[in-house]
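Order of writing sets the chain letters: A, B, C and D. Residues in each chain are counted from 1.
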């Protein structure tokens, strides 16, 4: 991640200039042909609080990240399940079997998918060392492209570009259940020793997890789709719950950027606690402005 | 044609169910066919509902109506075309352009919408019942429920504190959070059984009624 | 060119999308919609590439006579059938609809219905009262299941003469109260994570999507 | 023995599940249904609408969720036609386009409703967000023609329905996130009243919205259909399915209890 610290502000300035130029030209053009009936306000004042909340929270997160980069050691609580990552990889290596990594159905801009790709790159660094085959059937074409790059880089960083096999990261199909059918078939035939299910999952979660369980694989799951969590908890050995999935890549990589951001998220929770606690106390005394405020803002 | 269709559908259904016994040639047959069909279907759908209306039609309109603004669509087409750079190893990095745009758009859309629809909304939802308490609209049992809800939200959220050690007060509260999480997961699991069984009922209905005419 | 330009693009598009959400001005609305349309144009191109890898991997299997290579032909047959009918004749053509209705839909629905079996076996295996947490999980699941089935109320009402329909009331209470608050806690946590990740991406702090660090 | 029961082959469980569904399907049994409040709210809302009101129905479920949502759609649409409430159908999912069309036609034939006067079907347009927002300004800015290709100006029903202002209720039948989209883009922006009928798995995730009144009613999967069928006094697939459900639920509950009994026996023996 070289040069990152300095290029960020430069990038922001460059980007801002470009976007402001585009916006300015466009606004100008549209102002000339605007009719009287249209809403030509530049800013919807009803949304000012959301805007301010976004700014406040962004500033907190960014501050925490820069603070973390200054080199101070940051604490992160134990995430049960992540200790098992090494165990899972070790077992696969011992048994001479493969590891299957499933990123779910999310697209590339999906937060869970990105978190999962970060975890995958950590896993890939380890499998590169042990020369354990890492199979990644993909459901989204763009995700497949990014993952190929990431895993290749991970193998390169470990000095094992020779162990990287692009055929192991492949597109299966975009259809939800055809994907489940294909992955199930691969699981029962290849019998991977460990199965990672990390990312965005829908109804196929239990189809995959039960099949993985039936072949006796160690399964480490994680998703931010709260309605699929019960099935992972029932059928997998370890499950990362909701936000734990986002925290996992920070936990594994110990990267200051991710750790700092996690700290920022914790401050965000405090910012949520504040209005809730104050609002409840005010309500109990019959003062309703906090509740009315949140009702208006939406 | 319909009769053949029902037979094909029924046999494919049985092929997939055979997986419950174990992997076998019938399942492998259906599995591979299914993957192929679904990819083909995806291609057709993307062509007719993505490419034609969003790329081809605007361009065609721009040319026929001589509204040259429409040619703006050539930009995304060009950017999309950069995906093919993957085929040229030395130029592979060019696919970062379209990916960066897609990720940027996704992230930009997410920020205000998540802030509004999830955070503000959920905080309001947590506060709203307390207004009802003060107004005297709730009975004692309902008040108990509201207080429990507050405890649940705060303790669950506490469980997701990562930068503090879960000891002492934080540890205690996050333990309560786990209790709520487990009850929540259990109830969601139980609630899903119905939906899943409905799917099976529908398949059984298809096999017994539409195919075998037993019911 | 390799890193700066993608990062600038990401920032510019991200910030424009976020800002236009706050502005009702017609230009801002037009821009917002136009960019969303752009993503709909860009996305499909990746599919072509992905399909190419699929075809390539099955072709390799056939060529190398890997295990079960014969089945790879089925992938090609299925794909070709859909594409050759669907692209020239359109998606409302009878043959295309037939394939969809009698081959794809039944397999889709059947795959989905496997869950009825899996949910039962997962429940049997995993719902054991090993710890306090596991006990709560299983108790909540049992109450909701009994409350969901009409027979639950029927049995209760015949055996126990007071509090009619208690199972379905209890189910409702669990879904309304502890379930609601747990879910709310998860949603709030996730939302904060989503926003912070989006901010990191837009500001170019999170760059993993560029595929690691090689090159510049 | 106990050891065996603890690690029972999952295929035995599979057979039991299959039998629990097949046998009651062959025999016809029925149990009484209790109507839950969220379903009743939906019913009451529609029941209170004067004849000539308009309900918009989003068919946002694919073929794989048809089993749960079709019976519900049928019951609600029938109720609307019976009350002379006009129905506008549409979808945000490509694969649902034909489903919605067939469903409306079927129920209309049963209830004697006339296309263009009592109901209309707009079909599918891609880009969910733009569709939902676009309809807030003018429905015909998004759907210039209906599913069959008839221009909206030629459909009598659409003459006095220009945007959400004239829609008294949106009912979203969803198997995915579409209800959240409706809430974010139409309830939040246009104050549109929304009710939802969703698959069993996403029911619990809808409760927060019910509590914040962003949803005025909610129907849970097949049970919702059975409840609605009871409210309009027309038992059909929903009611039938729920009886089979009872057996399947009893089986799962029984299995969990059996699993725990063996678990405790084994633990005692271990001590």
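The rule is short, and it goes like this: a contact is a pair of C-beta atoms (placed from the backbone, for glycine too) under 8 Å apart; a residue touches a chain by one contact, two chains touch by 3 or more.
Not measured: the values here are computed from a predicted model.
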item: Distance in touch steps, counted as few as possible, from chain A out to chain C; value: 1
item: B-D against B-C, pair bridged by the larger set of C-beta contacts; value: B-C
item: Chain A and chain B: spacing of chain centres that average the CA atoms, whole Å; value: 15
item: Gap in Å, rounded to a whole number, between the CA centres of chain C and chain B; value: 3
item: For chain A paired with chain D, centre-to-centre distance based on mean C-alpha positions, whole Å; value: 31
item: Residue list for chain C, restricted to those that touch at least two other chains; value: 7, 11-12, 15-16, 18, 21-22, 36-37, 40, 43, 46-47, 49, 51, 54, 68, 104-105, 107-109, 111-112, 114-117, 119-121, 123, 125, 127, 137-138, 141-142, 145, 148-149, 175-176, 179-180, 183-184, 186-190, 192, 194-195, 197-199, 201, 209-211
item: Numbers and ranges of chain D residues touching at least 2 other chains; value: 10, 14, 17, 21, 64-67, 126, 188, 201, 203-205, 208, 211, 223, 245, 248-249, 252
item: Per-residue overlap in chain B, given as positions that touch at least 2 other chains; value: 16, 19-20, 28, 30-31, 34-35, 37-39, 41-42, 45, 50, 54, 83, 86, 99, 102-103, 105-107, 110-113, 115-117, 119, 121-126, 128, 150, 153-154, 157, 160, 181, 184-189, 191-194, 196-197, 199-200, 202-203
item: Residue ranges of chain C touching chain D (in the complex, touch as defined); value: 33, 36-37, 40, 97, 105, 108-109, 112, 116-117, 119-121, 123-125, 127-130, 138, 141-142, 145-146, 148-154, 165, 168, 172, 175-176, 179-180, 183-184, 187
item: Residue ranges of chain D in contact with chain A within the complex; value: 10, 64, 176, 188, 201-202, 204-205
item: Of all residues in chain D, those that touch chain C in their complex; value: 8, 10, 13-14, 16-18, 21, 31-34, 36-37, 62-67, 98, 126-127, 129-130, 203-205, 207-208, 211, 223, 226, 242-243, 245-253, 255-260, 263-264
item: Complex interface listing, chain C residues touching chain A; value: 4, 7-8, 11-12, 15-16, 18-19, 21-28, 30-31, 43, 46-47, 49-51, 53-54, 57, 60, 67-68, 104, 107-108, 111-112, 114-115, 118-119, 121-123, 125-127, 137, 183, 186-190, 192-201, 203-214, 216
item: Complex contact set, residues of chain B against chain D; value: 20-21, 45, 49-50, 53-54, 113, 116-117, 121-122, 124-125, 128-129, 184, 187-188, 191-205, 208, 214-215
